[in-house]
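Below are two complexes that have chain A in common, paired first with chain B and then with chain C.
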Partner chain A sequence: MALDFGILIQVLFWGLYAGCIYILLATGLNLIFGVMKIVNFAHGELLMLGAYITATVFVLSGFNPYVLIPFTMFVLGLIGIGVERLCFRPILGTGKLNEIFLSLGLIYIFQNGVALIWGDDRQVLNSPYQTISVPIGDIQLPLDYIIIILVTALILVGLYVLLRRTDLGRALRATSQNRKGAMIVGINVERMDMISFGIGSGLAAAAGTLWVVSGQVFNPYMGSLPAIKAFAIIILGGLGSIPGAIVGGLIYGIAENGAAYFLGGIWKDSISFLILIVVLIFRPTGLFGEEGE
Partner chain B sequence: MRVEKAVLYRYLTAIALGISVLLPLLAGMSFYILNVAIIMLTLILFSSAWNFLAYSGQASLGHAAFFGIGAYVSTLIARATGFPPFGTILFGGLVAAFIGLLLGLTCVRLKEWFLAMVTFGFAVILQVVIASSLAPTTGGWDGIGSPRLLPAEIPGYLAYEYYAVLAITVVSILCIHLILRSRVGLAFAAIRENELEARASGVQPVRYKLLAFTVSSFFAGVAGALEIHHISFISPEIFHAELSFWPVIYCIFGGLGTIIGPILGTVILTVVWEGLKGFGLTYARFVIIGVMLILVVIFLPRGLVSLPEEIRKWKSVRKAPLGPDKGSDR
Partner chain C sequence: MDKKQIALILGILLVSAALLAGCTQQQAPPQGIKMGAVVSLTGAGSNVGKHMKQAAEMAVSEINAQGGVFVKAYNKKLPITLIVADDETKGDSAVKAVTKLISEDNVDILVGGYSSGVTTATQGVIAEKKVPYVVTGASSPDITRRKDVNTSYFFHYCPTTAMYGQYTILFVDQVMRPAINERFEFPDNRTLRLAVLYQDSAYGKGVLNGVISTITANNLNIEIVSNQSFKLGETDFRTTLTAIKAAKPDVIYPAAFPSEQIPIVTQARRDLNLNTIILAVETNDNPDYYKGIGRFGEYSILESRFSPYTVPPTSVAAADAKFKADYIAKYGAFPDMMGVSTYEGVYVAAKAIENTGTLDKAAVRDALANLQMPQMVEAIKGGIIKFSPDYREVQFELFMTQLIWDDKAGENRPKIVWPENQKEASFVLPDWYQAGTG
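Up next, the complex of A and B:
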């Protein structure tokens, strides 16, 4: 097989775009993990819900779907806070297995609740820009994908500013570094739990919106696999490390699309787990993970 | 009159066994009930196998892998050689156990989510391998037919099949029970509670963890082979995440780390599941199961098995107004 340079660029670009969705999911998961030390395996269901809410509002109102991102993020942020208050707070500190079990319950509720409301058919949304593509050299890059990459970058910069430059961000980081210490200096850690869960859910909602806008099919079951991969990413990049999540997300996006192109589409999902297993055999705590976590 | 706990358990076991032996008669040889009961028995075995692994502190989220391996190996051998499925089930279990040992070797250093992710990923990868690379032998996504446990020509074959599955399940659970009650079970519990202390008192965690993985995979493989020989069809769908989640849900529901838990959980959830189907619910029954699961995790962390105890505790708190408040017994 002759390696065409143009195709390589295309695969990289696709990977970058797919990586964006993983990065948003993984960053959210990581933020929640950092503050609360729990993992929500049902994180992908929030992405799915975000996708459905955006699609519904788009069909009803006809707004540009990109404009809807803040709205969907806000709605999902509220839902996320509700989930945290009702489900995760009662089991905080009762053992790591309980989180997995609780998430399983949430997965069932969200998936089938959505299927009850919207039906479980596969749906597609048409973005207003889907016919436009930007030529770079002799490669055509769809405009939507470029916007998605820019939007993701914008959200990440926003998150960076929030975490580094505001009091709230400092409180969040303090809670994630040392919960007891944060309590001592007067931070309301339970409020931080809620906020981190809300922000994480909002990021998942943004990922869901971008998923829909890019013209990929969506159905109630779309969220589980991306979420589990996002979790694989944060294991790969180190639990609690947001730069690790970004690097891991990019690696996964590119590896998946490379595998789909070179090995066949069926390998797309399994390559990420293959990477994970190989990494964990040699480094049981992840690439950048600390001992004892 | 206060009955001794052990005696009570013995009576309850006897009653449960009696009901399961008489079930075909009680159900009037109903095709539907027998079908549900057979599937339920295989799932009981499957969740007991999962529970066995969890007993050693390792929670797998990809046990469908071993369920599927057992089913595929047994089916392929039975098809290729014409052996009766009763013999090939054993090979299915053995191959599953061997692969479980290999996966266990990679998982021995991993904990909690790390382990959950690797096992989950293993099932995903296996599905792809079976559906694509091994498609010439496994039939790919289309799946292949699997020989029935008993030929359907025998009159009342379903009842015989039921008894066969019942016998295998009971014997397997008895084995699991005996292992967990022995020194090995104690070692598992020690590792689960504190690996470092276990090692300090002379228990070798690696050896016991591998043993748990191997035995658990064996029984999961047997369960898979039984179910597939009953359904008489197999496709890579068997590796679906859903099937990995069911044993987890059953065990939590019934009570993790007990022999009776997985059985109780499977029976109750199957009855609820089929009952809700009777009401014509489709998606809503998943939602109901999800809500039940969350309620159990939050309010009954040790599963339904602990319900009588919890009620007693609650009552005694109510009786004695000056007694310990709810927060102090944590």
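Up next, the complex of A and C:
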């Protein structure tokens, strides 16, 4: 296949867009894992819930879906807090199997609950900017995708400021680094669990909103594959590492789209896991991971 | 007579009574005919599966309103009990669903089947148990032509990928290519550049093979400049479409389900500015498709045999209109193509049972093989529904529609542009159309 520079830029652009969804999803997952050290397989369902909430409010109110992002993040944050309090808090420390089965159960509850409320049908929404493209050289880049990349960057900057520049952020990082030490210095670690789950869920909601706005099909079962990829990303990037989640998400987005272009669409999902295997062979803790994780 | 003799006589009488009662029970008719409907209520095929289920229910309801199906062996009409199973558009789930229908529900006959890959996964079980199956949605010709499974119990009541692939490519050659050549003043012998984007399944590969064999068999001046595959259920086609765009096609032919075709069309036209004509396979002639593609689907082409929004000017026009009216009255929505073939499939199954007068599966299978009944809602070649003797396929009358924007409906509406005897409008090459190359 002949390599045209304009085509290459477009493929990279689609990869960047896909990477944004993965970054937000994986960062949220890593935040939860970092603080609580639990694995939540239902994280993809939080993305799905975010997609449905945004789509529903958009259809009912007509509000710009980008403007709805903070609202959806807030709603999912509350749902996340509820899930942490009611589901994970009682079983914390009782064993990994309990966490796994609990999150598997949550998957079915969320999927079937959404199917019951909204139906099973695959749906698609149209962004208010869908007809607008931005010419960059010979290429016409859809405005929506530029906005998606900027929104993702904005959210990540906000997360950085929260974690690095605020007392809350320092408390979260302390809990993630050394839970007992955090308790000793007076940090309410259970409150940190709740907040990290809320923020992680909010990030998943943002990913779901951007998924919907970009015109991708959504349905109650859409969260499964992105969740698996998010787990692969956090393993690739290093468990608990937010920079790892960002780099891993970008690598995955670009690699998937590169594979789809050069090898064919059916390689899109396979390449992600091939990369994971290769990285783990040479660096078992992941790109940014630490020993023992 | 002593006590022993009395006891012996009583014992003989009791055993005789028991045997006679058993014989009587064996002669008692079943409570009804159990018809299993295999549909995709969840998963990638769910947009279509709901119509298949609803249409099957409507057909059963109509038949039962007349008392059911007369079965000569019991000298009475038996109502149909429809047992719906969700295959989840997945092979393993379909096998479980079909196994339950056959082993637990003891169905007499099966109808339905949408995804070819999913349907072919169930064939081993069904062939082993020898249950007649009227397949009304899955279009891979392998269903009745494969050699590794005994397909004698499978009856293909919908066009195969070979049939509609051929129809579509002949339309492209006979109508689109001359229109493109005329617009851009290309020489008549310019090769048309075709891109095929197919689902990586028996269905998608079947369409690709149908395209290739039609081009070869008819020596058409069409070149496949790009063929790209995608996994079932894919939602992001941008990169794949970018690869197609790089090949500079004149026409793009996706072989996709509605849940895939919708993002293909919108992403191609909106995100990649692919100013080309996009074709669509008949399974997309579904109300959700028109809604989903919005204005981006304007001027696209859709091969069909039953459309929710147009009626071909054939002898089935009245039946077509009645079916739509009844369906809308019952379900508040327009029916789709797979729904109507499933509706007819239920009637076909019922007719076969009536013809053979028994629920014996082998006899019903033979009755299906020898069936001849008048066409119903969809036009059939020759006006008679019958399965071919070699591969148990039915020849439908197909047509090509072009989607034209309707301001009043706020959606595109189809106009039949081919063949000539069904045409209601001429094919239009839009002003924004760009040929792949000069």
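Basically, the second predicted complex is superposed on the first by the 292 of 293 C-alpha atoms of A that agree within 3 Å, B and C clash if a C-alpha of one lies under 4 Å from a C-alpha of the other, contacts with A are read in each partner's own complex, and residues count from 1 in each chain.
The rule is short, and it goes like this: a contact is a pair of C-beta atoms (placed from the backbone, for glycine too) under 8 Å apart; a residue touches a chain by one contact, two chains touch by 3 or more.
Note that the structure is a prediction, hence the values are computed from the model and not measured.
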item	value
Chain B versus chain C as contact partner of A:Thr131, first or second or both or neither	second
First, second, both or neither for A:Lys96, with chain B first and chain C second	first
Contacts of A:Tyr261 with chain B and chain C, given as first, second, both or neither	second
Which of chain B and chain C A:Val11 touches, first, second, both or neither	second
Chain B versus chain C as contact partner of A:Thr56, first or second or both or neither	neither
Which of chain B and chain C A:Ile281 touches, first, second, both or neither	first
Which superposed partner A:Gln216 touches (first chain B, second chain C, both, neither)	second
Partner chain in contact with A:Gln140 - chain B first, chain C second, else both or neither	second
Doubly contacted chain A residues - partners chain C and chain B	115, 120, 264, 266, 269
Interfacial residue positions of chain A with respect to chain B in the complex	39, 87, 90-91, 94, 96-98, 100-102, 104-109, 111-113, 115-116, 120, 224, 228, 231-232, 235, 264, 266-267, 269-270, 272-274, 276-277, 280-281, 284-286
Residue ranges of chain A in contact with chain C within the complex	1-2, 4, 7, 10-11, 14-15, 17-18, 115, 120-122, 124, 126, 130-131, 133, 140, 142, 145, 215-217, 219, 221-222, 256-257, 260-261, 264-266, 268-269
List of chain C residues in touch with chain A within their complex	41-44, 46-47, 50, 200, 228-231, 234-240, 242-243, 245-246, 259, 262-263, 266-267, 270-273, 288, 292, 294
List of chain B residues in touch with chain A within their complex	54, 59, 61, 106, 109-110, 112-114, 116-118, 120-122, 124-125, 127-129, 131-132, 241, 245, 248-249, 252, 256, 283-284, 286-287, 289-294, 297-298, 301
